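Same chain, two partners: chain A is paired with chain B first, then with chain C.
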Partner chain A sequence: MRFIKSILPYLGAVVIAFVVAGIFIALMGYDPLEAYATIFGTSFKTPYAFVQTILKWIPLTLLALAFTIPYATGKFNIGGEGQMIAGAIGAAAVGILLSDMPIYILLPLEIVAGILAGALWGLVPAYLLYQFRINEILTTVLFNFIAFNLIDYVATGPWRDPTAGHPTTVAVGEGGFLPNLLSTQPINAGFLITIAVAIGIYIYTNRTVGGFELIATGANPKASHVHGINTRFLSVFSLVLGAALAGLAGAIEVAGTHHRLIEGLQSNFMQLGLIIGLIAGGNSLAVPFIAFFIAVLEVGARAMQRTMQIPVEMVFIVEALLLIFILLSNVVRRRK
Partner chain B sequence: MVKQHVLEMKGINKQFASIVALKEVNFELYPGEICGLLGGNGAGKTTLMNILYGLYRQDTGKIFLEGKPVSIQSPKDSLSLGIGMVHQHFLQISNYSVIENIILGANVKHPYSSNLTPEKQQIDALCKRFSLDINPDAIISSLPVGTRQKVEILKALFRGIKILILDEPTTSLTPQEVDSLFKSLEVMVKEGLSIVFITHKLREVLSVCDRISVLRDGRNVISLDRKSAAEEELVKAMVGENLDVSKSIIFSKGKYQTVDPKYEKAPIFKVNDLSYTNADKVQVLKKLSFDLYENEVLGVAGVAGNGQHELVETLMHVQQLSNGKIYFLGEDITRVPTEAIWKKGLVYIPEDRLDDGFLPKSNVAQNLILGFHKSPSYSSKGFINWKSVYSKTREMIKEYNIKTSGPNEVGSNLSGGNIQRVMIARIFSQHTRMLIIHNPTRGLDIPSTDFVYRKILEKKKEGISTLLVTEDLDELILICDRIVIIYKGELVGVLDRNEFEKYRIGRLMSGFKDTSLAKKRGTI
Partner chain C sequence: MSGIEDTLTNFLKLTFLSMVPFVLAGQGTMLGGRTGVYNVAQEGMMLVGASVGFLASYLTENLFLGMLIAMVTGALFGLLLAYFTTTLKLDQFVVGLALFFAGLGISTLLPKKVIGITLSPPLIPTLQDIPIPLLSKIPVIGEIFFNQNILVYVSVLLSIALWYFLFKTNIGLQLRSVGENPKAADSLGVNVVRMRYITTILGGVFIGLAGAYLPMVYTGTFTDGMVKGRGWLAIAITFFGSFSPIPILFGSIFFAGIEVTAYKVQIGGTGIPYQFLLMLPYVMTIIIMIFTYGKARVPAFLGQNYDREKRTL
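Here is the complex of A and B:
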């Protein structure tokens, strides 16, 4: 009962967001009900669409966690995009350089390389924060731009696949492919890794001493410091941990989905991850569920564009409205 | 002839959310009197007077001024009706001069120039009339607290008030300053003002008030003339049935069972030449040295802002000390991080509970374990055992009388007094070696204050020492074995229990060094 009561304002905000977006769709001359039926229905109509939804869910969940973990300590990681690219580059580099290795060596190495590269991409801003107190929002954003140029260089450089029309590297070794879970559908083991990570993060933040300190730091850094918590270290650690998860997302994209490094594989996962993280209010348990909802929207939006010619950007409007109304509902609840 | 009330408040009710702050409260004030409004924290004294001053509005009830009903919507209304209030926290701009602070927001003769001569003359005249010794050109930040308070009073007088409300005016004054304030009040009353004096200190109302009105839990208890007031009757009226006065520490006048500190043994805590320079390059602490012995409660007296906050923070290593050494149980802990200090059993209740002591977004249980979350009673092998945390915090909520719906309630729902109880429960329910406590009873009602004293003395009996930093002299005199006095970051005196004397401590608090004490234990 208390759970239902606590999510009721969220449901209200979701309904209002869709009503308002429906007005826009109607004004554009389309049928909003049909549009929504497409958006919500597509993911569950065919196994293929459902698998596509899951494949979107994986990076969305990981990038949302990359935002919420530092957010718990009061730090903002806006560099998920760059960290994901760094992770993808790290994984691809290992996968290409050691392409002859068997799967039980290459695959773990590839994943670990992705995690480490992502973490490294977060470590620099984190170190600048720790040592010089340079604002992490600024540095993490700036590191995105470095990553954009880096991926451009790698994908057009010596590892370039000359047969591809788009900046892309050659494939990683076969031993670096994440195994498929089903013979009929392209769903890879990244799904299981993500579930394990989400559970692990939940346990870490809610059950462990370290997680308690993390949350306490976010709740009141001064009080936490006074009570013997190393808050400076924790905020840095949380940034690096978040970045490592973004790196993992990059590695899964390479090892699972594309089997190679493709420029633009980061899509707009970070912006969506940020929205998911903010909607979840930093609650890591809620992240996978909200991420699934957003993944459904994303897949449905493409279908809507194909079948109804409604621009896919409509879904961005819906997502933006969702965020605005949910943040508003938080304000309204606090006023009461 | 029956005297006419200058002010009458009738049947005042006020409710904040679900909390009844005032219920059917009546209050009268006669011309030319000082009326003491007495009660513990949370009794509703300040709320009642904030309604009169227009900061809050009553839910129901009427206010009469000289017999006529008035409606007060804001402090502007009350000032135009001749009612002024001096709050516990002064509303002053510290780098402005006295005169600039006084005229701020008032009408001046030459609004488009900085010619303040007419106002200055007016202020001089007021100072003379009410025998207030204030230089109008002095900069506020250069003045001691007692004078700043008089500036606040002068500010009200300048606006031509007839009724002056003083909210806990003696809180941060030395005994000498209190005497001087009382003298000024008597002059003002002779000049025709009527004064409401809000306080929780019995002795003050008995020494300065003509009439005393007692509030408890937002209700009138008694109202009587000073002449017919017996101290015992007032105590009972203040505390009600919640506290057995005969067994209390507060009203024991220092006659409670206790143990002597072990001065013959080596001190358990030792501070040598502690200095601290803050980020603005101001030396806030200057070569402080003192010792703390087993079973001892050592008080640190001083007017607020003389380095107390920095002292406790450097001792806990929240701030990095600049120079000096700290020893705890024979070990040098000068460079040990805060975490390790807690682990050694040296624990701390900060003064600023909201900023330094509390996690508003976390729940009550999480708040209760903060600082001890690594102790084996709450966690093992890096995992917090929430089941035992919840059962233990439930016990703490009961024992420490924390008013909450349970360990799951969000901290920000708790009232100030309850937050303080959480911080006290957090420290006192754990196994520790020494306590550093800063202003522990500020904002607590009388039974809770008594409870804190009892806990400190219980710990003392167990051999656990306390460094008690507080601005409340009565508190220090009541429960300390020794008191060191801090003035502008320097220790200016050390007194043994048999030397405790209010005025002597007051002199030291204003910076007069007591050289005869220099050779004693805990040398200066």
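Here is the complex of A and C:
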């Protein structure tokens, strides 16, 4: 009963957000009911669409966690996109350079390279925060723009696949492909990795002393510091851990989905990851579920563009409205 | 004129032309910050400004109307930011990010809906240079400073006016006190809430205009994500500039210089992959942050929401 009561304002906010977005869609001259039927229905109509939804869910969950873990200590990681790109570049570099290696060597190396590259990309802003107390919002964002140029360089540089029209590298070695889980659908083992990570993060933040210290740091930095928690270290650590997960997402995109580095593979995953993290209010347990919901919206929105010619960006407005109304519902709950 | 002199004149002229988005967005950020509202939605607000500014100019064939619409849209975003943070007391970063996303979505959606997908990009005429009589005839200097488009002049005059207003007038002092110690300001009869609304909305006006500058001067059309981080860089410039109008102006000139350098070297062809040149502004920002750390002065109440019923700040 208490759970229902606590979730009620959220549900109200979601409903209002869709009503407002529906009015917007109607004003643009489309049928909102048909649009919503497409948005919510597509993922569950065919096995293929469902698999596409899961493939979106993987990076969304990881990037949302890349945001919520530092957010728990009161730090904002807006650099998920750059960290994902760094991870993808790291994985692709290993996969291309060591392409002859067998799978039991190449695949783990690739994934680890992705995680490390992502962590490294987050380490620099984290260090600047630790050493110079430079605001992490700005530095993490600036590292995104550096990464955009870096991926463009790598994808058009010496590893470029000359037969591809879009900037793309050659494929990684076959030993670097994440195995498929089904013979009929292109769903890779990244799905299992992500589930394991999500559970691991939940256990870490909610069931261990280290995780408790992490959350305590965000809840009340002064009190935590007085009680001997190294709050400065923890905020840095949380940023690097988050960045490592974004790097993992990049590695899974390369090893599982594309088998190569493609410019733009990060698309909007960071923004969506942030929206998911903020809707979850930083709660890591809620992240995978909200990420699934957003993945359904994203896949549905692409179908909507094909069948109804509604620009896919429409879904961005829906998501921003969702976030804004859920923020407002927090105000409502606070006043009670 | 010799070749080198020509190149230098051209470089400086381009630098002053490119400083405008940084100056306008920086001063907009500064204004809100001076009353404690830390805006992080610049990138999204500039994108919307660029998008609606372009569309309105395209449809009405009037650039000034386009600018006006961009400013009004920026003001609307500022109003939302003020309402969510000052009235509802929601976290400023979270609200700012939400507005950033909304701006991102709206900016790409609108042109697709209004113009649709065309083979060749729809174009608007770009802003003309307005030579200042007499002054523009001075050799070299005239070409650099006094033969520019109107917004170059506006951004310099605006910076000076803001400096005068903030540091030489009584109401400017009141405004600054809101960002330093709202409780004290409140007790002396300054309307804290109204101040925060006014600065955030006015800041939105400048940020919207900063966005509209890009299609009107650089490209003549709107492309997705065309702000390319300038909104975020404007925040950095505001920080280096200690939330003061004149240092922000000089910081913007400096960043514009880096931007133009990267562009020039790229065209010149030095063998350095252009991607590394394009990284330059972002890398420089981070390096400058390290060097100015501890020296920049930030309003004491920046990023916090004022609740007059609370006992402590």
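Rule of thumb we're sticking to: the second predicted complex is superposed on the first by the 336 of 336 C-alpha atoms of A that agree within 3 Å, B and C clash if a C-alpha of one lies under 4 Å from a C-alpha of the other, contacts with A are read in each partner's own complex, and residues count from 1 in each chain.
Basically, a contact is a pair of C-beta atoms (placed from the backbone, for glycine too) under 8 Å apart; a residue touches a chain by one contact, two chains touch by 3 or more.
This is a predicted model, so every value here is computed, not measured.
Contacts of A:T307 after superposition on the shared chain: neither chain B nor chain C is touched. Looking at the shared chain after the overlay, A:I324 reaches chain C, while chain B stays out of its contact range. In the superposition on chain A, A:H227 contacts chain B only, with no contact to chain C. In the overlay built on the shared chain, the residue A:I275 is in contact with chain C alone; chain B does not reach it. Once chain A of one complex is fitted onto chain A of the other, the partner contacts of A:T139 are limited to chain C, with no touch recorded for chain B. In the superposition on chain A, no contact is made by A:T46 with either chain B or chain C.
Looking at the shared chain after the overlay, A:M28 reaches chain C, while chain B stays out of its contact range. Of the two partners, chain B and chain C, it is C that touches more residues of chain A. No residue of chain A touches both chain B in one complex and chain C in the other. By the touch criterion stated above, chain A contacts chain C in their complex at residues 28, 76, 78, 128, 132-135, 137-139, 141-146, 149-150, 152-153, 157, 271, 274-275, 278, 311, 313-317, 319-321, 323-324, 327-328, 330-331. Residues 313, 316, 318, 337-343, 348, 350, 355-362, 366, 369-371, 373-374, 379, 382-384, 386 of chain B touch chain A in their complex. Those residues of chain C whose C-beta lies close enough to touch chain A in the complex are 40, 84, 88-90, 93-95, 97-98, 101-102, 104-106, 108-109, 112-113, 228-229, 232-233, 235-236, 239, 273, 275-276, 278-279, 282-283, 285-286, 289-290, 293-294.
Within the complex formed with chain B, the chain A residues making contact are 207-210, 212-213, 215-216, 218-220, 222-230.
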